[in-house]
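Notes follow the structure.
Order of writing sets the chain letters: A, B and C. Residues in each chain are counted from 1.
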Amino acid sequence: MTPAMILLITFTHYPAIQTIINSFFSTARGRRKSVFIGWDNYQTLLQDDVFWKVLINNFWYAVWTIPLSIVLSLAMALWVNDKLKGRGFLRMAYFTPTVLPLIAVANIWLFFYTPGFGLIDQIRGLFGLAEQNWMGSPDTALYAMIAVAIWKEAGFFMIFYLAALQTISPTLREAASIEGASKFYYFHRVLFPLLMPTTLFVSINAVINSFRLVDHIFVMTEGGPNNASSLLLFYIYKVAFDYWDTAYAATLTVVMIALLIFLAIGQFFFFDRRVHYK
Amino acid sequence: MFRPTLTLNYDRVLNTLAAWLLALFWLLPLAYAGWTAFHPAEYETRFVPFAPLTLENFAQAWSEAPFARYFLNTMILVTGILAAQFTLCTLAAFSFARFTFPGRNILFALVLIQLLVMPDILIVENYQTMRRLDLIDTIAAIGLPYVASAFGIFLLRQTFMTIPKELDEAARIEGCSYLGILWRVYIPLAKPTFLAYGLVSVSHHWNNFVWPLIITNSVETRPLTVGLSIFAVTDAGIQWSVINAATLMTSGPLLIAFLLFQRQFVQSFMRAGIK
Amino acid sequence: MFSNIFKTAGAATVAAFGFASHALAVDLEFYFPVAVGGAAADTIEHLTAEYVAANPGVNIEAIYAGSYSDAGQKALTAARGGNPPQISVLLSTQMFTLIDEDVIVPFDDFVSEEDKVSWIGGFYPSFMENSQTGGKTYGIPFQRSTPVLYWNKAAFAEAGLNPDVAPANWDEMVEFAMKLTKKDANGDVTQWGVRIPSAGFPYWLFQGLSTPAGAILANADGNKVNFNGPKVVEALEYLVALSADHGVMQPGSIEWGTTPKAFFEGETAMMWTTTGNLTNVRNNAPFDFGVAMLPAKERRGAPTGGGNFYLFKDSSDEQKQAAVDFVKWITAPEQAAVWSIATGYVAPSPAAWETEEMKAYTADFPPALVARDQLEFAVAELSTYENGKVTQAFNDALAAAIAGETSAKEALDEAQAKAERILKPYQ
């Protein structure tokens, strides 16, 4: 365990502490050394309207992607687990996003969203609908990104639900139907509670991904138009490697860490009681 | 066994329909990739049934970038990380689960921090560290920050904790060393967790983009994601046919493997049963 | 193929000279981005190998670093980490950032007085605007471009316009575009008149409007901007009106990557985009097309774009000298011509256009000359200190106005205020 600790300290604790320290210093530029500036970076942050916009975007991104990808993955798992026709095909279809790197598929989604000759507009055209600039309008750009993220995640989460469903004995279901319980009752009172540990596992992943999954934004919108589809990690990346303002990037990172800790605590309390009921 | 009633059938039809619709929707990007990759560029946006087929896009993608090398790099990366993670996380999780030593809880809390403070957000600092270690532009540098994974340690520890102590006492009486117990008792019993964690890890590193982009400079180290992204960037606009050919070429092996072995894969996964 | 032969030749030369020459050999690292597809990378590697083969004392490792922004990130990250390449091709707009970071040095110290006149003085002045500041030369133009207007001759003929005449000024562009915009029975547009891509970095093509309107966006010292002058507002109002009032351009921000395809598909009858697309359009447009300078308002005008060679600070004088010699060779007329023909970038010196290869190429493909002729009217691409932040503030303003979130004037006022705040320490 010592090697694990050394690696953790080198690549997590040390850089995390360094990040916090850096957030109180100015960015060194050439001959101008970095100097201690107290809370200045945090003050800049409070006044940075892009930061607030990005934070709100990230909030909506999380609000949509987390529950939708979980619900869809559960539905997929139930379908594939049920002996529906063409199960193998369904399983493969749901699984494809896991294999295709997001950075590459983003180009395909870009085509789907392209106004005029893009796939969605070609289909809309069949119904006589006008073309729509999905990525180019601030009202829809973020939702276009959310759809891609859900597509990417749901199939992956399905596998975990599927595996969990297989461990649940079919006798439970038979018992329930003999007692005359409805399908919904069975799902709600028997299946869902039994799946709770998987839901916890999946939802931790979903929360982390709602901050981490930004690859497609590099290809599709670069955060635009006017930051309408920018997310926190993408903004950090931009500040660090485009504006070269590492101190401010550190400040943003500290905010992100704080947010994640806050969410983790919340999640822990939310699930704590339910998970142990099994 | 009772005969399904009419309503049940109805329900089933609806479910099948919904499942198929969703599946077709989920498959669209792959279907489009297949369409463009095998047709000339004029048909990128036109879906006519008898468009001429071609392999030209694959030839072009293959000649314009060293995808075989990128694929190899990714394979080395993913398997290397997985092997290292399994070894380190197992040992660490075992110590946390089975030994008491001073400061254990504090140490464990320190591990858990990484669940939140993911290496993905510490790119800037980690780059500096890699430079000091003289590891810039190596495959090791892409993997190192992820090797000691809090997620892995946490999951394995939870699993190990559920294994009854009596089992390892019995093994010890039979003369097993600690490592022997770990190898003979704990690891076999934790197989499902290893499988689940392995899948998360492989999928993460197969897809990972930002950190490898920063840390790699050369063909010899670049993973597929970075290779594909720099291949796709051009002023001349997006050439879907060639890009998608490249994507299919590189993701194809995995996809075909899944198609061929999906029954075995899913079954072994299911038999293992993940909690 | 060729590059392999050259590489082998280079390796053989090095091997033949053995240890003696190895001790003397200068090792150079050279990062380059490519924005025009994989074949361009081969050309650079091939040229580099040719140079190495002819100069056994030098080893150059040419590293393809991806897009411009990838290459910029890599070079600066490496320089900050104390491990920079000796030379790199990066965006000309990064000059002030690189100076501010203290990672590059001017070429002047490694160039003889004679070469200053004949070599550095030999490039087009509009390319040097983004390459010199404070009387020193920090960038040598290499893969430079400028935006031009492409038009679909078939669509022009169909709309009753003369297929051989492009709009010469702003009013004509609107007038032509209105004739070119086609609608179906529902009143939905099936062909737009014009397409000016604006996603990601709208400022660049916007300079193709603000310059003709008579505005210069930043000063030559890179510490003052003019984002909200009346001419800039006028230019932005014109751009917004194309969609909002005249209905001749796709509303919302418009993707770059899909623009050539939109042109080929007849989604738009005219497009504005870089000369870097010439070869692509020539190979793929299923109709006759024309290439013209951007339309004029008060004057003709367009920005330049693309990348320069920079000389990094953290290396020995010997390495720097060797690097400068290499840059001098690769930007010389013959090499520049090879590069320009292979990629569609604008050859950076008049002498390069006078080479036999280039003459043969332009005789065969006259549209290539449009970019050269436009250089007379071209100005520097927007570039300041804190370039990323300042440009982003401006981009956000343009995007906000294009989306109709705010008026042109309001958006630009805000961008000006932001930029002034950011640039304060540099004034």
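Keep this in mind: a contact is a pair of C-beta atoms (placed from the backbone, for glycine too) under 8 Å apart; a residue touches a chain by one contact, two chains touch by 3 or more.
Here the structure is a predicted model, which is why all the values come from computation and not from measurement.
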{"item": "Chains in simultaneous contact with chain B and chain C", "value": "A"}
{"item": "Most heavily contacting chain pair (counted by C-beta pairs in contact)", "value": "A-B"}
{"item": "Centroid spacing, where centroids are CA-atom means, of chain B and chain C in whole angstrom", "value": "38"}
{"item": "Euclidean distance of C-alpha centroids - chain A vs chain C, Å", "value": "35"}
{"item": "Separation of chain A from chain B, taking each centre as the mean of its C-alpha atoms, in whole Å", "value": "16"}
{"item": "Contacts with two or more other chains, residues of chain A listed in rising order", "value": "107, 110-111, 117-118, 241"}
{"item": "Overlap residues in chain C, where contacts from two or more other chains coincide", "value": "73, 77, 257-258, 261, 265"}
{"item": "Multi-chain contact sites of chain B, meaning residues that touch two or more partners", "value": "44-45, 214, 229, 238"}
{"item": "Contact set on chain B toward chain A in their complex", "value": "11-12, 15-16, 18-20, 22-24, 26-30, 32-33, 44-45, 47, 88-89, 91-92, 94-96, 107, 110-111, 113-126, 129, 144-145, 147-148, 150, 153, 192, 196, 199-200, 203, 206-207, 209-210, 214, 224-225, 228-229, 232, 238, 240, 243-244, 246-247, 250-251, 254-255, 258-259, 262-263, 266, 269-275"}
{"item": "Chain B residues within the chain C interface of the complex", "value": "41-42, 44-45, 64-65, 127-128, 131, 136, 213-214, 217-218, 226, 229-231, 233-239"}
{"item": "Contact set on chain A toward chain B in their complex", "value": "1, 3-8, 10-16, 18-19, 72, 75-76, 79-80, 82, 84-86, 88-105, 107-112, 117-119, 122, 151, 154-156, 159-160, 162-164, 166-167, 183, 197-198, 201, 204-205, 208, 211-212, 214-215, 218-219, 233, 236-237, 240-241, 246, 249-250, 253, 256-257, 260-261, 264"}
{"item": "Complex interface listing, chain A residues touching chain C", "value": "29-31, 50, 107, 110-111, 114-118, 128-131, 133, 135-138, 221-222, 224-228, 238, 241-245"}
{"item": "Partner chain A, residues of chain C touching it in the complex", "value": "69, 73, 76-77, 97, 99-103, 186, 188-189, 198-200, 250-255, 257-258, 261-262, 265, 267, 386, 388-389, 392, 395-396, 399-400, 402-403, 405"}
